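Right after this note come the structures.
You will see chain A twice below: alongside chain B first, and alongside chain C after that.
Entry: the complex of A and B
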């Protein structure tokens, strides 16, 4: 009987093994490989082999490289403003379009279009529209007597241009998820509240918001993690400029690893980036759990 | 039965259309235009049975696309083209050099990257190929262009492009007597055409900024140049920097030298010459179109030939686009004047550590040009060399540089290109225009004391590299985020670090060698 059990267990592992090997090769191995690389110095275009430097690369970014902190600061500001903006606008649109009116379905489809565009195409589209000399937006502004704006060429304005485009692109995601959440709410609660004389605002703040809070937390978490990886918009619209005014952490990783071929440092900053994202995610998830309990 | 009739009728109609399309379709434009001009090739001595892969960026794709079908038809060979944008060309190239997968056989790359490429032994020495298969008229290649293909005395690349910045100006603005009079009244002197120095450029740019001086109903601006980050803005800066940092002469520590002290390898970035140049170029942004910081080479050329500025600084490409109203929307055909880069009224003499007040001009071979290289790991090296010399022989390269093939990104680089103005006229140029244009370029390329561009290991890093670079700090200065002094200080610190990382003594030896010093 014991032999039969061992045999069945072996067969079970035999079936699992290909999937496990695949996972190891595709997911774990690259992580371990980059972790190892992050402890080395390897300028791939001039050094044939990596040199072991221990934690030097991590020390460099954390204590010696102001650009890392500046990019982290910009990325955090961008995530904070854009995700908040998307959430607020998404909630407003979802609330409006959950009402009954003619042409509702048309607007629902139209609002989803930006999200369906590839990010690099979105970047190119907006780059053309926001071009300070020939862009359609400045042409409109000047035709009505206003001054054109240096959307992509002013160090002050350019960060907000990136945020604006991101909000345009990703508000539909929030809208879609929140609309689905709103439509799944039970109507009895609202009927009871109406009988008790609650105003629309009271119903929204005391019934709607608490009920859709889990959805809000989940989609915010998804968007925060995604927004932290900001790359295409920066690459396509401003090229991280002017100066490094719109340089995101992802772009910096690209510059170090792919433009500078500093594979050790590129791996180290990638790992730091991953750790920062994990910390954010863990904080948000634990807050979410607390809220539920 | 009826069904069968229908099918038969359909078959006949389709056959008719198919045949008619062959009869009435014209030949491909490139073939139609070029086959007559190209003499029959000798039977190739190399094995062309396997396709070769060409790595190229825009706008050089135009050259490959033109010659590919003709070469294939004449030789029976086959070419596959990999087109990548300029921004990703470097990483594509290095990926191949590191992995040695043989993903391309020949690549068109800028010479400024070649310090590491040549020094690292990543590409073939082409001299054995030249000995074996010959090279079409090496003596026809201008000396300055020959120099950029060499490393430690060996020819490592096929020349293809002669690059240097020059001045373009609107003749209808700068040569208008009424405007000249108004300018003199305002500034108290008469400017030269083309402007003699950067002080004149500043005043002219201010004078012509933000008003409709060509009466086309649109506002024009004073000056335009490449200023976009992650592009080629550093060469716009070096145009100015060369004039304030050194004086022309046989390259030495104190003449025709703008990057490092040749004795100490200390970067010159903090020198008063650099700071002055940084201040000047920052000031010019005030008299430029609002989108200036978004001007890469394409944007600059498109904007200038559409008539938006009085002066521009660029390689020879604006001149080509000027001639093509249909293809590139040029509104300035015949309206442009050409000249060398402006000089300066003074330069900082590091020998005496003081400013010397003297009108002078330093010719700077910025960027240096594009060349073709054959990677060590290329599987079809001989065939790649065959195609390389086919594209760049005197007859073919003339068609690529003179405008007959449109905007190719290749500028004149053979003596013969300058001696055949009739070809340029066929390319859409006016006779007077082309004389002035070719003179401006050849004056610079023939200057034996022209300052060579930085071409040592790490050049991309010094210019646009990771975590540092002239490009990033320059852009911060141009956008007004930091002062010129601060910008120069940051560049200096980065350059010191990069030099230390690459190896101080090795870099010094490479740098001295690039200037022809022992």
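Entry: the complex of A and C
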């Protein structure tokens, strides 16, 4: 009997093994390792070993490096506007397409396409369309008598260009998740509300929104985390320019760590990155909890 | 009564106009990209308004195939994405089973920690994972692109949510028939979970096919690059040859869009089943 229990336990362990290995090698070990590295100076291409510097790297980014704050500013603005825009548009399209009418399935598929497209391909498609001279968008604008816009070459416009393309690419994700949520809502509530004479707007704000709020929080979190990693669009559309008006935090991490081989600094900035994300997430979750109670 | 009919008619018209406008915005970049890839350079620069090329030409595709080993890149992408997808389906099924059906200490705590790892951006773990792969001399190999992603928190989460909805009685019946945990998982749970497995497969395949940053970091040799990385080579080389760039972009995009279109019903159904709900 004892042998049997041990056997059962071993089998359980076999099921759990992939998750444990993943957790160890892709999360805990790297996190601890990066934290230790962040306290060192290590230019991997010229120094054989890391050299202990304490909190210098963190001091550098927080107090001496304007580039870090500027990139953080741009990234936060981009995340805020894009995710809000995607959520609102996604909700509008999901509401429209959860009604019954002809051709619904065609629209549903079309509205998902951008999400499946490789981000680097998205960047190139839009770079061509937004080209100041030969791009189709400026061609259309000038042909109807408007001025062409310096989509990628003006430091004030370029950040919004990135935001616009991001909204195009990721509204489909919000749309998909919200459509699924809308379809799982119980129809009885709406029938009861209709009997009581509620308008469709009242039904939307009093029934639909509260019921899908958990989904909204979940998908917003997923998108915020993902949006913070903005890299391909910057790389492919503006190359972080003009100047460095569209340099995202994750682009900067890449430049320091993977191009400059400054592993100590790279680790420190990626930990700052993680902390900022955690703060964002906690604020969002606690706000949501407050609203519920 | 007539007036009500007219109202619904107007409402439906507005609905359709909004939806059609949205659909054009969603689909136009793809059509425009394909159109540009079929024009010669002169036409791209001189008449940027033509949707249907005046002189249809495949010269850009020929040039792409001649100037970079794009077929090799295509195969590399396929090898990497298929391997990652198959292994995720397997490993995530195992851990999802553990988190939904087995009892062991700290089970839920461990699950939430795993869930928490979804918050960690790739950048934070990039450097250590690179160093580990380098230690085992794996940089510049397929393994470097595949190993970090053979299991994942998202897949485990998605499958666990679905496994929880499968009735417990089935397991009791199976145990009575002498079916062990492995037998139950592979003979009963997995066949029942086909829609959600399809969803996970599409998600994982799409994600690894589209992944650009990681192959960029762990590979140097040209022969081993993936399609997305290969595509970026155009930017450095003939950056202004839009026709060629669009031909490359089309080659990199068509397979994934085709797969998505072929499997979209399964995909949407899978999302509806789990609804990305909490729990």
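One rule holds for everything that comes next: the second predicted complex is superposed on the first by the 260 of 293 C-alpha atoms of A that agree within 3 Å, B and C clash if a C-alpha of one lies under 4 Å from a C-alpha of the other, contacts with A are read in each partner's own complex, and residues count from 1 in each chain.
Here is the rule we use: a contact is a pair of C-beta atoms (placed from the backbone, for glycine too) under 8 Å apart; a residue touches a chain by one contact, two chains touch by 3 or more.
In this text, all values refer to a predicted model and were calculated from it rather than measured experimentally.
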| item | value |
| --- | --- |
| Chain B versus chain C as contact partner of A:215, first or second or both or neither | second |
| Touching partner for A:33 - first (chain B), second (chain C), both, neither | second |
| Contacts of A:259 with chain B and chain C, given as first, second, both or neither | first |
| Chain B versus chain C as contact partner of A:74, first or second or both or neither | neither |
| Contacts of A:96 with chain B and chain C, given as first, second, both or neither | second |
| Greater residue coverage of chain A in the superposed arrangement, chain B or chain C | C |
| Contacts of A:58 with chain B and chain C, given as first, second, both or neither | neither |
| Partner chain in contact with A:155 - chain B first, chain C second, else both or neither | first |
| Partner chain in contact with A:270 - chain B first, chain C second, else both or neither | second |
| Which of chain B and chain C A:134 touches, first, second, both or neither | both |
| Footprint overlap on chain A, comparing chain B with chain C | 131, 134, 257-258 |
| Sites on chain A touched by chain C in the complex | 11-12, 14-19, 21-23, 25-27, 29-31, 33-34, 37, 93, 96-97, 99, 101, 107-114, 116-122, 124-126, 128-129, 131, 134-136, 139, 143, 168, 172, 176-177, 179-181, 183-184, 214-215, 218-219, 222, 225, 228-229, 231-232, 235-236, 250, 253-254, 257-258, 263, 266-267, 270-271, 273-274, 277-278, 281 |
| Residues of chain B that touch chain A when the two form their complex | 87, 90-91, 94, 97-98, 116, 120, 228-231, 289-294, 303, 308, 457-458, 460-461, 464-467, 472-473, 475-482, 501-502 |
| Of all residues in chain C, those that touch chain A in their complex | 12, 15-16, 18-19, 22-23, 25-27, 29-30, 32-33, 36, 44-45, 48-49, 91-92, 94-95, 97-99, 102, 104, 110, 113-114, 117-129, 131-132, 148, 150-153, 156, 180-182, 206, 209-210, 212-213, 217, 227-228, 231-232, 234-235, 242, 245-246, 249, 252-253, 256-257, 260-261, 264, 268, 271-272, 275-278 |
| Contacting residues of chain A [partner chain B, same complex] | 43-46, 65, 67, 131-134, 138, 148, 150, 152-155, 238-245, 252, 255-262, 265 |
